[in-house]
Amino acid sequence: MSSSIGENLRLTIFGQSHSPAVGMTLEGIPAGFTIDMEALGRFLARRAPGRNAWSTPRKEADAPEFLSGLVGDTTCGAPLSAIIRNTNTRSGDYELLKTVPRPGHADYTAEIKYGGHQDAAGGGHFSGRLTAPLCAAGGICLQYLEKHGIRIRARILSIGTVTDPAPFTESVAEKEFPAAGDAAGEEMKAAIARARAEGDSVGGIVECVAEGLPAGLGDPMFGGMENRISAIVFGIPAVKGIEFGDGFEAARRTGSENNDAYTAEDGAIHTLTNHAGGILGGITSGMPLVFRAAFKPTPSIAKTQRSVNLETGEDTELSVPGRHDPCIVPRAVPVIEAAAALAVTDALLGRRKEAEP
Amino acid sequence: MSSSIGENLRLTIFGQSHSPAVGMTLEGIPAGFTIDMEALGRFLARRAPGRNAWSTPRKEADAPEFLSGLVGDTTCGAPLSAIIRNTNTRSGDYELLKTVPRPGHADYTAEIKYGGHQDAAGGGHFSGRLTAPLCAAGGICLQYLEKHGIRIRARILSIGTVTDPAPFTESVAEKEFPAAGDAAGEEMKAAIARARAEGDSVGGIVECVAEGLPAGLGDPMFGGMENRISAIVFGIPAVKGIEFGDGFEAARRTGSENNDAYTAEDGAIHTLTNHAGGILGGITSGMPLVFRAAFKPTPSIAKTQRSVNLETGEDTELSVPGRHDPCIVPRAVPVIEAAAALAVTDALLGRRKEAEP
Amino acid sequence: MSSSIGENLRLTIFGQSHSPAVGMTLEGIPAGFTIDMEALGRFLARRAPGRNAWSTPRKEADAPEFLSGLVGDTTCGAPLSAIIRNTNTRSGDYELLKTVPRPGHADYTAEIKYGGHQDAAGGGHFSGRLTAPLCAAGGICLQYLEKHGIRIRARILSIGTVTDPAPFTESVAEKEFPAAGDAAGEEMKAAIARARAEGDSVGGIVECVAEGLPAGLGDPMFGGMENRISAIVFGIPAVKGIEFGDGFEAARRTGSENNDAYTAEDGAIHTLTNHAGGILGGITSGMPLVFRAAFKPTPSIAKTQRSVNLETGEDTELSVPGRHDPCIVPRAVPVIEAAAALAVTDALLGRRKEAEP
Amino acid sequence: MSSSIGENLRLTIFGQSHSPAVGMTLEGIPAGFTIDMEALGRFLARRAPGRNAWSTPRKEADAPEFLSGLVGDTTCGAPLSAIIRNTNTRSGDYELLKTVPRPGHADYTAEIKYGGHQDAAGGGHFSGRLTAPLCAAGGICLQYLEKHGIRIRARILSIGTVTDPAPFTESVAEKEFPAAGDAAGEEMKAAIARARAEGDSVGGIVECVAEGLPAGLGDPMFGGMENRISAIVFGIPAVKGIEFGDGFEAARRTGSENNDAYTAEDGAIHTLTNHAGGILGGITSGMPLVFRAAFKPTPSIAKTQRSVNLETGEDTELSVPGRHDPCIVPRAVPVIEAAAALAVTDALLGRRKEAEP
């Protein structure tokens, strides 16, 4: 079903933007794992809106309430579940949207699919608000993976036409504005400010790196790491593309340029380059797993746009009211980390059962 | 599990490159659908090797033998299954590969995952040979979709650095070399010939367009059309990236540039542009569904490469023997169509059950 | 995963007996279905403890709080989720149970499985308390099915050695003590009272009948109605057996005795008998679907029992403290209806997608 | 989907009674496991028809051909697949059955479900013939489990009204007629001979015991051993009931009679009785896992029965032609072992991933 995913680790997401709560159930984290609730809170804060100039001024209390799966802060083997109450909603802002669909949003497709019964307020089940429980689940996985020596961090690679030439560093994720290069980061913030000033929005690219992965995670065919990661990442609103390793750039190359040569160093085997992004045949090679996700610009903009009135069947104009992120890319950085952590944990748990014939 | 996929339509793939056969089981095609076996044979021939100058000289008899699911050529409701015998194999070519892994191949990751028990011959379960049963299943779906007014066609968008500027046309898929522009096609063939002459290989991009889709297919979150399609497409060997609509290009834009404005024409609603590639919130909008998949260059090349000897732990050199495609992109065109057809059929079958409360 | 089930309708259950809440997520009910919340409350009250002399004196406020999936009381297409807060718990009662496992309970097996990390309080995730969210989900399905002309009702067939010879009637489920025969009902209540007086408990059998089912629901092999129903029913604590139609009695018969002869009446085909319980080849025949579930006696009894002290490894004795149902069978009647409704709804939703080739 | 089952071990079954072949795909057996093909052949022979006086005189060559998943006889990690060709079919025997459905068979329900497109020959996908690939898959699991110290054996507990009072012994499965008591076995054979002489059939009960199971296998709720086993066992044609441990008998008891008291012996904990059949809370206790499956009498009988002509809508009479088993229970013994082995292997593979937090 569409709101559940995973094979050895099963995530179920529920909630709408303006329903009483959003939440998640996560089954499969082994019993006896202690969650660092403070660290989880800090992780969720990286996604929360209203923290600074480049995100939406809405304030959300994103503290998850755990309903099950724990004895104290330690997993007991039963499914984890947590909810985050929705507050500070303004349902009045969204009345018009069932009649005049916002371009670029799911308003129209949801209208068709659900025959007018969809919850239109705040984007309903399609809202970016649903990434809060995704981050609660993924944040737990990030901690679980760290205990197994695996670190997953993401960064902003580009905002609009501003691309950061600096290489990825693990500490980038800790920055308030998670761009590796400070100068590029300033340019990106300026691009966001410009979009905001113009009542517009802007897209961008997030790059994610997982380090410390053992070789041998993942499965052939439909169980590959690329399949698993993309199946979750495309569940994040606004993602329109994903590439692993050198991705689309690899399609321009020859085999002799793109193949990563093996070498042995102190008994350990690695590759001299990492064009493959740490994945061969769907399975991790032990090199860093690298992928990039493309976010389209937020469709909610104040600028006047053309749309249709579904009741009258006539063309009309629309300016989306309310307070919107001019760019969701900075807040998407921890969401991408969470999505990657969910996929990697699923693969890690699955590996155990193959340990011996 | 890694070799099965689908929710309302379940595909299971089995076989290795040099095992007695490869095959598939496909469950979910409604009873009473008549397969045009001749058309299916023509479709599979588009993927078969050895047809022309730009593919591998190996000849495979790719005619599937249907073992179940049919009464005559009509589905009876039981799972369809078909096998394709493996012939013309030369297992001797591949002896060395368990000791010295080929750069860019799954040799090393399979060795780690399966503890040396993997079937190394011809790439085993990781072989492009597994796309033959994928095409048998997808070819049936393509026929099923056509009966519902949905046409899925793909084309070569680029080979190496040669990109075709011509727009997609539906008839492109019927061409022997499926590039839209004839001039670009010639350049692409030249690029492939060059790679072959140099004992090298070259990558490329395939673009796929599904037309005639009703609005409202697909689901929110993890059940979106992007999730479904990418979960299958990354099961095709060598795919390293996928993007929907304008994809990575959309990440460079502003919302006012990227949003597709709605308009009503003769009572039908469509968008003036299609930057979203026919998908909003994971759900089809009724506009053409467009995606592109990036194929890395085939890793099997005659050129000498660096690798390690896993037994001695020492660096060594390797030249991959055997007859290889210098470019699998032309043969991947029908494979991408098949993958898309499987995902769309799954979504189409799923839509029925939501028809009434 | 173990706490999720269903193919076209996906139920996820979470919570432990003494965690902050128990709850469920239900995905797949089509948009536009209005829940009668008052009727749902009445249905849940049938399961609630503390209502009368033959059940536990604990009082639970079992009113579910819906967190998502609704606009007003009408489904919007997004997953339904509801939680029921846990109150009136006495965790002190259960301290000893991690050291001295209660015979017949999951204490010991949970200890082994979760390595001592399990939530032992009140049975944790193994508690009968988890049937509250199961009933919330199943109660919605019962309403959904009634709208499609399908009625599912259960009754107490036996308590201990007291078996009710009266035939099933649909109205039995509305009785406070749901036995068809009044005299047998009194004997059953006496058997329960006797068990309570002796600090003991007693088992029983629940019979369930689904009427109004169309012929053709369900699938062959592992998708049969028997498979689907039993896969859910064995998720109810204390169920140790299930039989469809004449079940174990059919095993004693000859084919000429057991086969249900067809006849046509006014153009409609039915069978003269219903030994098959309305299921042939896993698929509904249009006759009433009938099954029985055997409940073992509640393991929690005041009587002294032998057990072991897991810390010292020595044999010991145990008397389970606390307030317990001497017989959970009366409260299990709506739980069985809920389980059946979930399985039937799943099959009903699945049927739609086969409607046309 | 209905022809696939399993979570950590995924079985897919395909084929119809008279299609070119029946077969299976089995994914999840770890790489490096060597199948004893001769022992597998002996196991399959126990199910094969035509071996003796009490089964059908049809002869089937049930030798499976492995198409994938092996290097030599050792698993390579890729999905195992095997097919068994259908031979010695007489499709002419079955012409009438689409018009006049056989009582007790799936003819009528399949007609409704598949709109007349079903493969009626020999029962199609509903045929007992499909248990041949089930046994091929389960036979591999039996070998896999034996390597882990787990032995699964079944026996005939009753045929018609003849019940064997002798206790289960592991060696019973090796007998040509697998009843524990020789006298009871003779009576059972007489009952089968009587049914055959009368052109009738007779049902029976198979009991299955799994020994050597570690405590802690299986999961709570829908992942319990009862759920897993019954979900597969009801996929075997003619099964109408299942019970675990004392099953329906337990429903007649008090808690003090039914609870299995724990005791410690030489540091190992076991129970003094095994009324629970080795399962508590869905999870194995380390005691023998015991269950019984009720088989209805084979519906195909020569005796004249009432049915309807679906074309004319009029009542008619029917005598099922062809060569039929008067009792499938003896041949069902290895099928039940196979089904149990599949469920236990799935649980065993799943246990690994919970090994450490």
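We call the chains A, B, C and D, going by the order they appear; numbering starts again at 1 in every chain.
Please note the rule applied: a residue touches a chain if its C-beta (ideal position, glycine included) is under 8 Å from a C-beta of that chain, and two chains touch if they have at least 3 such contacts.
Everything numeric in this text was worked out from a predicted model, so none of it was measured.
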| item | value |
| --- | --- |
| Relative orientation of copies chain C and chain D, as a Cα rotation angle in degrees, nearest 5 | 180 |
| Label of the chain whose CA centroid is most distant from the centroid of chain B | C |
| Between chain B and chain A, distance of the C-alpha-averaged centres to the nearest whole Å | 26 |
| Whole-Å separation of chain centres (CA-atom averages), chain B against chain C | 45 |
| Separation of mean Cα positions, chain D and chain B [Å, integer] | 38 |
| Junction residues of chain B - those touching two or more other chains | 1-4, 13, 28, 31-32, 75, 77-78, 110, 113, 117, 125, 220, 354, 357 |
| List of chain B residues in touch with chain A within their complex | 1-5, 7, 13, 101-106, 108-110, 112-113, 117, 125-126, 130, 158, 160-161, 195, 198, 200-205, 215-216, 219-224, 226-227, 230-232, 234-235, 237, 239-248, 250-264, 267, 269, 271-272, 275-277, 280-286, 294-301, 303, 305-308, 310, 313-315, 354, 357 |
| For the chain A and chain C complex, residues of the former touching the latter | 1-4, 6, 10, 12-16, 19-23, 25, 27-28, 31-32, 65-71, 74-81, 83, 110, 113-119, 124-125 |
